[in-house]
Amino acid sequence: MNEEARNMLPTVNARIYPRGGLDVLSRAEVARLRDASSGGMHDLLRRCALAVLTSGSASDDPRAAQELYPDFDIQVLQQDRGVRIDLHHAPAMAFVDGEIIRGVAELLFAVVRDLAYTAIELNERDLDTGDAITDAVFGLLRNARVLHPTEPNLVVCWGGHSIGRDEYLYTKQVGYELGLRGLDICTGCGPGAMKGPMKGATIAHAKQRRRTMRYIGITEPGIIAAESPNPIVNHLVIMPDIEKRLEAFVRMGHGIIVFPGGVGTAEEILYLLGILLREENADLPFPLILTGPTAAAPYFEQIDQFLRLTLGEAATSRYEIIVGDPVKAAKRMAAGVRKVKDYRIAQKDSFFFNWAMKVPLEFQKPFVPTHEAMAALDLHHGRKPHALAADLRRAFSGIVAGNVKEDGMRRVEQHGPFEIHGDRDMMDALDGLLRAFVEQRRMKIAGEYRPCYRVVT
Amino acid sequence: MNEEARNMLPTVNARIYPRGGLDVLSRAEVARLRDASSGGMHDLLRRCALAVLTSGSASDDPRAAQELYPDFDIQVLQQDRGVRIDLHHAPAMAFVDGEIIRGVAELLFAVVRDLAYTAIELNERDLDTGDAITDAVFGLLRNARVLHPTEPNLVVCWGGHSIGRDEYLYTKQVGYELGLRGLDICTGCGPGAMKGPMKGATIAHAKQRRRTMRYIGITEPGIIAAESPNPIVNHLVIMPDIEKRLEAFVRMGHGIIVFPGGVGTAEEILYLLGILLREENADLPFPLILTGPTAAAPYFEQIDQFLRLTLGEAATSRYEIIVGDPVKAAKRMAAGVRKVKDYRIAQKDSFFFNWAMKVPLEFQKPFVPTHEAMAALDLHHGRKPHALAADLRRAFSGIVAGNVKEDGMRRVEQHGPFEIHGDRDMMDALDGLLRAFVEQRRMKIAGEYRPCYRVVT
Amino acid sequence: MNEEARNMLPTVNARIYPRGGLDVLSRAEVARLRDASSGGMHDLLRRCALAVLTSGSASDDPRAAQELYPDFDIQVLQQDRGVRIDLHHAPAMAFVDGEIIRGVAELLFAVVRDLAYTAIELNERDLDTGDAITDAVFGLLRNARVLHPTEPNLVVCWGGHSIGRDEYLYTKQVGYELGLRGLDICTGCGPGAMKGPMKGATIAHAKQRRRTMRYIGITEPGIIAAESPNPIVNHLVIMPDIEKRLEAFVRMGHGIIVFPGGVGTAEEILYLLGILLREENADLPFPLILTGPTAAAPYFEQIDQFLRLTLGEAATSRYEIIVGDPVKAAKRMAAGVRKVKDYRIAQKDSFFFNWAMKVPLEFQKPFVPTHEAMAALDLHHGRKPHALAADLRRAFSGIVAGNVKEDGMRRVEQHGPFEIHGDRDMMDALDGLLRAFVEQRRMKIAGEYRPCYRVVT
Amino acid sequence: MNEEARNMLPTVNARIYPRGGLDVLSRAEVARLRDASSGGMHDLLRRCALAVLTSGSASDDPRAAQELYPDFDIQVLQQDRGVRIDLHHAPAMAFVDGEIIRGVAELLFAVVRDLAYTAIELNERDLDTGDAITDAVFGLLRNARVLHPTEPNLVVCWGGHSIGRDEYLYTKQVGYELGLRGLDICTGCGPGAMKGPMKGATIAHAKQRRRTMRYIGITEPGIIAAESPNPIVNHLVIMPDIEKRLEAFVRMGHGIIVFPGGVGTAEEILYLLGILLREENADLPFPLILTGPTAAAPYFEQIDQFLRLTLGEAATSRYEIIVGDPVKAAKRMAAGVRKVKDYRIAQKDSFFFNWAMKVPLEFQKPFVPTHEAMAALDLHHGRKPHALAADLRRAFSGIVAGNVKEDGMRRVEQHGPFEIHGDRDMMDALDGLLRAFVEQRRMKIAGEYRPCYRVVT
């Protein structure tokens, strides 16, 4: 885009005052917020704010917004009364006749709130133990005011952000059926499978005359620019990293629906199964439904076969695959959520946070796919399913990195393919799964697919 | 559809109890309601109820629902506590897991409420004078609880129910821009241009975090089956005939937007101009905006030319044509509504009902296009624009009837073409307009277009 | 009061605009309201409005307000927008810094609303049958928006308006205990036993954090000036006469508590027993509790003896006497109301209006105590209890009139004492009861008590 | 009270679950709460809880409740779901038919909340600087959810807890007039002048149909047992000591009304003037009204004379004395609060916390009246009024202690009277004031009044 076109993109300067959440701060808190937002947190804040201000725009190119609004800036200012946000050269699309759209302002304050909480509150804590990390996740969610002692009804929906039209329509239908049954929706807050269920639920909630419904979007700083919150999200939470984001999903959600997606989605399934298959979690009800339109049947079959082969038949007790039947998917989820409620009541566990689920520390700490880490994986039959699931997820993550992520690709170029120690049949299955993703265009590959790993059996 | 297929359509038997509106009735009222609903009003009630129960279904064939659910029946029953509605073989699509969708139940009670009001209350009144008819319109609307002393913000949207995709998307965009500006929507409550603006406004209202928004659908018994309420309508009103329905639109609405439509839409424009061009209404602010996507420009040009030729340049002061610019259309409407508000305050007129507008009795009484009535029209230059507009609307109505309505076609077959007394240029323009509608497929014609009238100059 | 003092009483001129209820009227309705309020209804309106505007003032002299504010006037005016009320020389005590107290404005509009309904709506109806009268009562109450389909919880409290301090404190305690149990209060809306229960309930409702509580005052034009609504009343209804007022109490209330009172209270007990003892009402649960402080024990004993003697032991099954125990009184009432609820559900009767209770026409039509009417009473043992109760109530009413009411006293002076045909023991008991009231100062007598009747056995 | 009587006092065992505030806690928080409440904080919690559970009882003897319910105990228990409170042998008066009164339960959770905040949160902080103390006050109030960004309307009422009936009725009238003007009330939450204004405001708020009104009681652990919250308090806050309690009053309140009281009230006036007379606070609007019934005129005259003599005429600009005129008092307060609002807007200061007021550290730290501290006071003319006010308050506090407080009396017995260095006229005035309090029975003295100090001039 040349300079002239850029100049024509309309922008607005504005001052915004908060409502709720940031409206009763102490002087010291305001000062820390101002310092943090003009210091190390500033660039992050600027990028996240821009994502919110362009919410609903068509592009999914993370850099697009940055290039379209190069002069955009945001400042958090102190005044005795509290906090004020000054926007400079902000996208005009977030405004109507000079006034910011109220929902956008709310999301904007959510960004400030969560980045500040991370920079100020979490910065002071030791996050070395599992309990400390879980407590940080809890603290962020409570501070975002998304924890309420209401009836369990929150369904997390996972799936790809760039899916086909048929698959998108299917996610809408499932959302509609969930909404008709009084269920709220939580997703990763971008487009595709993260938007469809919310959109369907909106229509259903309107038909059922619900007044307070939650469309919760949980994102992270690294992803929000690429997947700016869709306009339906009415609660936005920014977790500091993918591990805390995943933990937020599984502790807040009363059930999870997985729509077709790319490799990321497959990873998420392994993450969740790695937790659910642990003995400590064996009695914990947790509805997990894999569903998509009829055309997506092969996708789920392949995943199913892979899971059976690697984790054993027992793993299949933890999920259900439903193809081409939104009503059935919603009914099963509603039934599953009822069981979760009964269990929580029996265990006197809270409705709003799944304290009882054991999430092992290795799932809370990020996995960095070095050659050493990859070589240390132990992908052989005979291990406990949950341990194998954890290592499979890591292998998966590493292979993906080696194929498409900058860091991983560089490592492979420098040191050659990763060496993975595993049983041959498992490795074949993994390979087959990845090739299928490429064929189904669920994985972006430049040029021909070349495996970045080598199996040592 | 054969018997077997029919048997497969799922149905439900249910008992429904009212909330609001019908929940505090006297014993005598309940008895009259029961009698009316099992007597003369029963068939009407059955058809309207079926339309509501299939709300949102794809078909626009009025007979489809009747044929798909031949065994459907509805009974209004008295029990001491109040009213109960029994549904037999009702479409399963209105239910979720055996319970009726709450919004559908509300619409169902709206049907009973309005048909009962018409059959019981209005039946007892003399409706010979203009004031009595206006009072009946007011009574029905108040009984439907859609009159509130809130800020003027109700925009009526007119337009075709079967429009092209581009035109439909445009109506959504306009609705979105209206919604961003805090405006509510009122339409004829079917698909197409009657659904698009509501859908757009829904998204905008959600973004602006509005809590109580009105999507008012005003329909009539003859049309509800063909144009079943779209699922967004949250207030449904059934007026007894087209004249009272039109009066409800112009007295409740604080402004009107006209999207492209068929001949019906053109008639509506003439109806409204016939009122607005009267001297008594000269000072009354009433924003009237004709708008559509760029491709619809020729449609509006033709209408504009026709209005200029027949009603004179002065008529153009009463409407504005905006092409391909939803933001501008919404801004102008918002500005117009503000003027309406100022005027009502200055005149101490109510916000919720436009008492000050003079609607002449001939607009309130139905026009039946007989050969005598058509011959009595006086379409010559030199008449007052509002009188000419009224006769043009009648001519228009008669010609349409002669072309496509059963009654009118039969009359023309028996007695030959209508004779219309008018100036040649006006007649030519009328003819041109109709031919254009045919070409643009806005008017359904079986076979070649043959004028059903003869000009006597 | 001399002219000078009068001039010093501060007054205010003000214009009031309605909220709710009177805010969506048709032009015709506004015109009828204006006409009625400036015509025959005007003096009544003026007096009732003055009572409301001096609500909470200490005096219970009906003429006091009239004399204190001789120049007060009220006008109901039409403007297109709706209704406006103009007050001239209105008591300043109803205003704060020039603005009318919001609750007073609500009561003022209640006055206009109910007098207008009576003058306009009821004026057009034949009220010759019991059903028609009941329907009028229902119509007035619904129009006053006090009928809601909520849980049965309305306790009517009857009792004297000028009771001793101990008795007043006792009514507060009972109200407090009722309020703690989630019960709402309905009374005749003046001071004494009509204010105490509301005041006690207010504190209890605050402690239980109830948000929407009803303190309903049902009055009549002839009494409102003497018993101006106490400040706690948040729903005021003006019934046209005492018979409709009594019917409103028994059809709206889910139970009745009777505190000590004068002869009026005794009459009310007989009215209610006359209804409850009819065979048609035999199965109808209706808690009736007579209660007062320990010092009031003799009062209730005497009434109890009289009822046993005249109506038989069976009559005692319809009421319970509780002395000096507010908690027990409230518990029994709460239990009774639960039974009423169960019965209504079983019978599918409405929660908000006791349709199932049969109120005979002779209780709905006023009794005028002429010599003929009194001579026609049949007070002998052996009659059905309900019939006897009805005649006893009439005898009672006539004797009271002969003693203290202007009309009755004049009749007795002209024609000598009433002749009453009855059994000697019943007559003696009646006489004893009246003498006790005089001794306990519950009945105002000028000079020595002389019976105004003669028994013919 | 002997054992038998004690056994007859009815008690209840109950389990209470929180709503709001304590309902979304982390596991760690619940554990800390449980530990604190069973550890050092337990006895305090037990006493405060008992005060709340006997709220509204007649006695003001702090030990009465302890003796009447010797077996009462409270435990805060952890369960995964959150917090549960177990009550053993709790006063039955807090329950209705076995269920705790909802308002009492709220106050009970307020006790747990505030004691826990003090024991857990504040315990970890350094409270050496003025800012730190102010921040602690802010933190406690915010945690108690009494800080809201609403219109300034909070009037603090100070005055004696055991005042005469006339004075009590006057406080009710003032509260009524404040309530009519939309003002909320904050007091020390006991009886007398702390209850009257709330009671009056309750009636006024009801008449003005206000829905959300605040009756805030701010107390401290040492005083709550003697002055158990009156039943109208709907927000209870327990500050850890008198200094933080006073700071909470002056930072939350938008104006202060002082009713007649004992020496404590005189101290409070000096505390506030000591702050308001500082130069940094010179421009700060802060309405301070001293008011009482006509009979209280001498009380205020004496205080006024004392203030003029000691602090100079200029001090009188900071307060207004209004005698026997509740309407005027309320009007002036309303006007003062409007000025506060304008000032906050101009200064962009928050509405809910008076950050701009400078409270010097010596007012935040407790004054312990030793002989050294008393001898160090500097009560001579010529000092800055605010400095003199501060020392006067201390002198006052010490003299009171020497007369009636256990610690002070012991010190005086051991070391002889305090030596105070001051100008003779000031000392005489102080002496006169105290003697007057004794005469007016506003100060409890056993035996004859003997000064506990000696003036050194």
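Letters are used for the chains, namely A, B, C and D, taken in the order the chains are written, and counting of residues starts over at 1 for each.
What we mean here is this: a residue touches a chain if its C-beta (ideal position, glycine included) is under 8 Å from a C-beta of that chain, and two chains touch if they have at least 3 such contacts.
In this text the structure is predicted, and so the values were computed from the model without any measurement.
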Shared chain contacts [chain B and chain C, defined touch]: none
Message: Just to confirm, which listed pair, C-D, A-B or A-D, duplicates the contacts seen in B-C for more than half of them?
response: A-D
Message: From the mean C-alpha coordinate of chain A to that of chain B, what's the distance rounded to whole Å?
response: 45
Task: Calculate how many whole Å lie between the centre of chain A and the centre of chain D, each centre taken as the average of the chain's C-alpha atoms.
output: 50
- line: Averaging C-alpha coordinates per chain, one finds the centres of chain A and chain C separated by a number of Å equal to 65
Message: At least two partner chains per residue is the criterion; list those residues in chain C.
response: none
- prompt: Could you list each pair of chains that touch, in label order?
  reply: A-B, A-D, B-C, C-D
Message: Touching residues of chain B toward chain C in the complex: what are they?
response: 23-24, 26-28, 79-82, 131, 135, 138-139, 142, 147-149, 344, 347-352, 355-356
Statement: In their shared complex, chain B is touched by residues of chain A numbered 96-97, 101-104, 106, 180-181, 202-203, 206-209, 211, 231-232, 234, 331, 334
